[in-house]
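After this come two complexes, each holding chain A, first together with chain B and then together with chain C.
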Partner chain A sequence: MIDLRKSDPQFKWEIVKKEGGEGLLKCFGCSDCAASCPVRYFDERYNPRKIIRFTLLGMKDVVLKSPFLWFCAHCHACTERCPQGIRVAELINAIKNYAVEQGYCPEGYKMQIDLLMKMGRLYEVEDFDLKKRQRLGLPPIDKTIPEVAKILESTNILKVLKK
Partner chain B sequence: MNNKIRVLVCNCHNSVKIPELDLGADVVVERHDNLCNVRPQISGEEKIVIAGCSPNLLEGIYLDVNAEFVNIIEHVAMIGHPAEKAKCMIIAAIEKIKETEPIKKKIFEVKHKKALVIGGGIAGIEVAFQLSKNGVGVTLVEKNPFLGGTVAKLDRLYPEGTPYSHTLMPLINNLESCKDLERRVNTTVTEVKGRPGDYHIVLSTSPRGVTECINCGKCVDVCPVEVDDDGKKRKAIYYVPTYPDCYAIDFETCTKCGECVKVCPGKIDLNEKNKESETNVGAIVVATGLNWYDINKVEEYGYGRLEGVMKTLEFERAVASGTLHPKKVAIIYCAGSRDSNHLPYCSKICCLLGLKEAKLVKDRFPEAEVYVIAMDMRSYGTFEYLYNKLRDKGVSFIKGKPSEVFKRNGSLVVRTEDLYTNELLEIDVDSVVLSSGFVADKGTFDKLNIKLNNDFPILFENAGLGSHELPRGIFTAGAATFPSGVAETLIDARKASHSALNLLREDRIETRLPQAKIDDDQCSLCRMCIGTCPYNAISIVDDKIKINEELCMGCGICSVTCPSYASQLEGWNHRGLYQQIRALVGQGDLLAIMCRWSAYNATERAAQDKLSYAENVKIVRVPCTGAVDPSHVMLALNKGARGVLIGGCYPDACHYARGNFRAKARESILRMNLESLGMDKNRVRLEWIGKDEAKKFVEIAKEMNK
Partner chain C sequence: MNKYAIFLGCTVPVRAQHYELSARNVAKELGIDLVEMPGASCCGFPLKAVEAETALLIAARNIALASKMKLDVITLCNSCTAMLSDAQAQLGNEEFHSKFKKVGLSYPNEVRVRHFVRMLYEDIGIEKIGKAVKKPLSSLKIMPHYGCHYMRPSNLYGFDNVETPHTLDELVSVTGAESVNYADKKMCCGGSVLGVDEELAITMANHKLSIAKDNGVDAIASICPFCTVMYEDNQRKAEAQFAKQYGIPVLYYPQLLGLSLGLDGNAVGLKFNRIKSDSMMEKLAR
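Let's look at the complex of A and B:
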């Protein structure tokens, strides 16, 4: 049972202020997004309708701590079909951004940022890869791209992740 | 000549070939080319059998003739049935008309070109104005001391929140210019007698207390009695800025202390008596509006038990008058509506009222949190716009029906399951608003002897019957018909006023509807017919059952209800029908008794659609399935019919309100009896067959023939 005294009535307004979150209040709960969602087809625990409705109820903890928030595959099927014209995928993005700001970032995402900072890539280029390229007649590539780290530093991401 | 029966056979431009008919000496057979265009000379007293095309067509042309119609075109010629069948049908019609009383013309006088409008809300005001504008004298009766009804109690109207006065005041001001208009406040109708065109009305006017008033308001300052009037505080002497421009005393709460009399520069009489008056009118328009459902009965929501739980109207008035500053509000929808323990129907406008209250709170206190808890949001038509707007304003909508409201640590808690998230919620609020349904003003309808369905005078709103079901001369306007918003009420009021005008503008009304007749020798005064008549046309006068000619619409339901067959319908006497069925039905035939409004048309449509059915299907036309007696059915079975099909209108489309329901009840009992007699109960069937459902008719006939 949920006691709405523990809810945060300002939560929905915080999301509405974020880019992509403008449509949140339009939701009337038809669940077309959930019915269209291919992720839900494979894992019933993911349900965009519930994420939106919990957000509207102000259940900040439930929404931000939920691992399912991060399941969205950004296929935009929900955005196409929403009868109220809510850009659902972008709304989920807005909630994700808010979650990260509040310190609810999954470890995997943090590690990806670490990799990008270190190498400028999401995967490591090793000697084995360079040898393979050589065999195929391709030019060698740099093991690290330091420019990516510079770009990341100039964005807000490190501050948000509190690094 | 007069004793002879004339049979007019229409050749329909030589397309029908009927062999020579030898029908005995007292029958004269004539052949015509097109009876629908050329009308032969017929005197009023003759008995005529017209064998031609559809009676629905010919009936209009031979309206003043005592005629029995046989459809030999659609029922025989067009579907390739043998001429023998036509002969059999003509003989059956001759047998019927021998025993049938002709349908006579009735004339009734519209004596009083005046109308009584009951209810001084927006519907009543608009009806009074429209009638008065068209030269009809009007007596407008309002039971409260002021005109305006429910709308005068509201703060604002949905969807945009326009103040109520913008709509109400122009309507009231319209009345000022009306001639021959009597506005009677503090008045109720105590007795209604008479018939359409000539009603005798007794009115009772209760004392107003204030007889001469200059609107100074000194009385209100000294009055010690404070009254809660639907959420707004007022004194026992009060004023509503509508009409009349005069203070009034609420004698239910007044202690008669006499303080107001001392300060009044006008005149206050605390000991006035009820006054009775009489009037005569030609038509009555009921515009009694709606009453809030008694929400005390929904005990789980704690109305009257928990402080802070209120009705929509109380909440609106309390917020508008500034006595309530809600911070957290829960608006509970369908409180007692769509509930088999309370009101089984949807009152249509309460969803919008709830939205209006939500908007009211958000407009006045933007920081307040509003939870709307609804099973379904029925913001019909363009009002979806209001729903969308409120979501944008941040009102929280929760889907579900709250189980209970209770107090915890001084605040109200609503417990509900939210179907959007499948979670059980407990919501702490300071005010709970119950958006309950509505019931009609039963008292007035009782006085007019009108039976209510689902608390309202209509059976199904969407079948478009509405006031069609009411006895002639009585019309309903606005929310008395069914709960409706302000705009719909005004539109309905205009329609009702024009229906009343249709009656009142004539000096005499002529009808040629069949009518029930009572044989006093056979009548045992059991009074069963009185309750069964949909039009209240039957009453007891001088220890005799009397049928009111002006009200009887000719359904024939009473003729079947009567246990001693004392009631007979003109044109469809029982004896005539027996003779017809006897002559028509042979061994192995299928008798189809068809309602003339729907199923009979379907049988004709079958020929036009080139659908064919077996030759043994014999069709009899009746005014309503409610007029089909079990003895007709049993006679047909006795004569060797393999089955009897009764075809009637769909449940919400009966022309006589409830005839088809009565037929259904009789059919199920008849089937039970057949079973107990060891017969196949499926030999008797009642089916709903629409005007154009020829295919359905043909399929059922085929099924029953197996």
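Let's look at the complex of A and C:
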């Protein structure tokens, strides 16, 4: 149930400020995004238009706490169809970024950040891998890229996740 | 001489060496020079949902490496292509550029980012590839799978047709194989959903697997390691979830192209494909 008494009028402005969120206010609710969405096609619990609608209505808790926000595959099918020229996939991504800031980061992503901090890549390059590469005639690759940790330390991301 | 910086990303050099191997060997056959990028890291895509700005900076750092080399970037993974293209575009934005400079990076020479397959299509071209084909795969029926970030978002790429893509179809046809035309060509593999809801992700992957089965294809042609994870590594799970039997090989496009250029199974790393392509190879030998 939508209870407008619980709405937060600031919510939409927070999203508009974020990278990718700039188009939010242009949405007129046509549902073309939902109609073109492959995730929605297979699972109606996910609906990009609804997420955008609730965001415009200031239903902050409903949007941020919903596990379905994370169902977006970032496939850009919606971006191609939106008659308002909204970068819909980027808008949903901006809402995800805001959810993270508010303390709703899925565990899987936190683990990936740990790996990137440690190695600068998602998969560990073991000696076995390097030997296999050599056997196949593939050039060697760096085991770690420490510059990535430097970038992570220079932005807000670690503070947001309290690392 | 076509010369490019090759960006490998995290997945390909560790989990999909057969993709890398076949791409490099195809490049050699076609006179393409792929130059290594020492110091290249993760493209940044895995962080985008957490904080886009950090992801963009990590991507832009990789672009900066290629920029110093004065070489355009070639990628093998669709998601890397999207992430690096996004960062490349953002470097034209003053606010982002100043953050980029603040972390000590510079972008001295403008460089482009493109997928390996797009480069084949645009820079080598169907005609020249056709002339290099020595062993046409005439007996094979292949289903091309584009993946989302090969041509979307169109405002970043301006390439192919997002509703009815055709470049990979043409590239499959030029090997001599029949490229299967089917509805829902642009459908997502479900890879991004795998960590969130496995059943749903498998349902998405199953959609194309069942189309492939209905069309009696010999193999699916993939151009992204994540799509391959969905169609090949998770094919068993799709079979279990939907009580179906598929057994459909999933080859990377350069593996197929390599075979048509006369490379042998080893040179395109066929033994590393999880679903064996023996019956496909027998058909070819006939």
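Some notes on this structure:
Here is the rule we go by: the second predicted complex is superposed on the first by the 160 of 163 C-alpha atoms of A that agree within 3 Å, B and C clash if a C-alpha of one lies under 4 Å from a C-alpha of the other, contacts with A are read in each partner's own complex, and residues count from 1 in each chain.
FYI, contacts are C-beta pairs under 8 Å (C-beta built on N, C-alpha and C of every residue); 3 or more make two chains touch, one makes a residue touch a chain.
Computed from a predicted model, the values in this text were never measured in an experiment.
With chain A as the common reference for superposition, the partners chain B and chain C occupy compatible, non-clashing space. Using the contact criterion defined above for the overlaid structures, shared-chain residue A:160 touches chain C, although it does not reach chain B.
In the superposition on chain A, A:123 makes contact with chain C only, while chain B stays out of contact range.
When both complexes are overlaid on chain A, the residue A:56 reaches chain B alone and has no touch with chain C. In the superposed model, A:39 makes contact with chain C only, not with chain B. Angle at chain A (Cα centre) between the Cα centres of chain B and chain C in the superposed arrangement: 100°, in steps of 10. Within the superposed three-chain model, A:70 lies in touch with chain C and out of touch with chain B [touch as defined at top].
Applying the stated contact rule after C-alpha superposition, one finds that A:28 touches chain B and leaves chain C untouched. When the two complexes are superposed, the chain touching more residues of chain A, out of chain B and chain C, is C.
Taking the two complexes aligned on chain A, the least Cα distance separating chain B from chain C is 22 Å. On chain A, the surface touched by chain B in one complex and the surface touched by chain C in the other have no residue in common.
Residue ranges on chain B touching chain A, taken from their complex, read 369, 377, 387-388, 391-394, 396-399, 418-428. Against chain C, in their complex, chain A makes its touches with residues 18-20, 38-39, 42-43, 67, 70-77, 79-80, 87, 89-90, 93-94, 96-97, 100, 105-106, 108-109, 112-113, 116, 120-125, 129, 132-133, 136-139, 141-142, 145, 147-148, 150-152, 154-157, 160-161. Residue ranges of chain A in contact with chain B, taken from their complex: 1-5, 9, 12-13, 25-29, 49-50, 53-54, 56-57, 84. Remark: chain C residues 8, 10-11, 13-15, 17, 20-21, 24, 36, 38-42, 46-54, 56-58, 61, 102-103, 148-149, 152-155, 162-163, 186-188, 190-193, 195-197, 200, 203-204, 207, 269 touch chain A in the complex.
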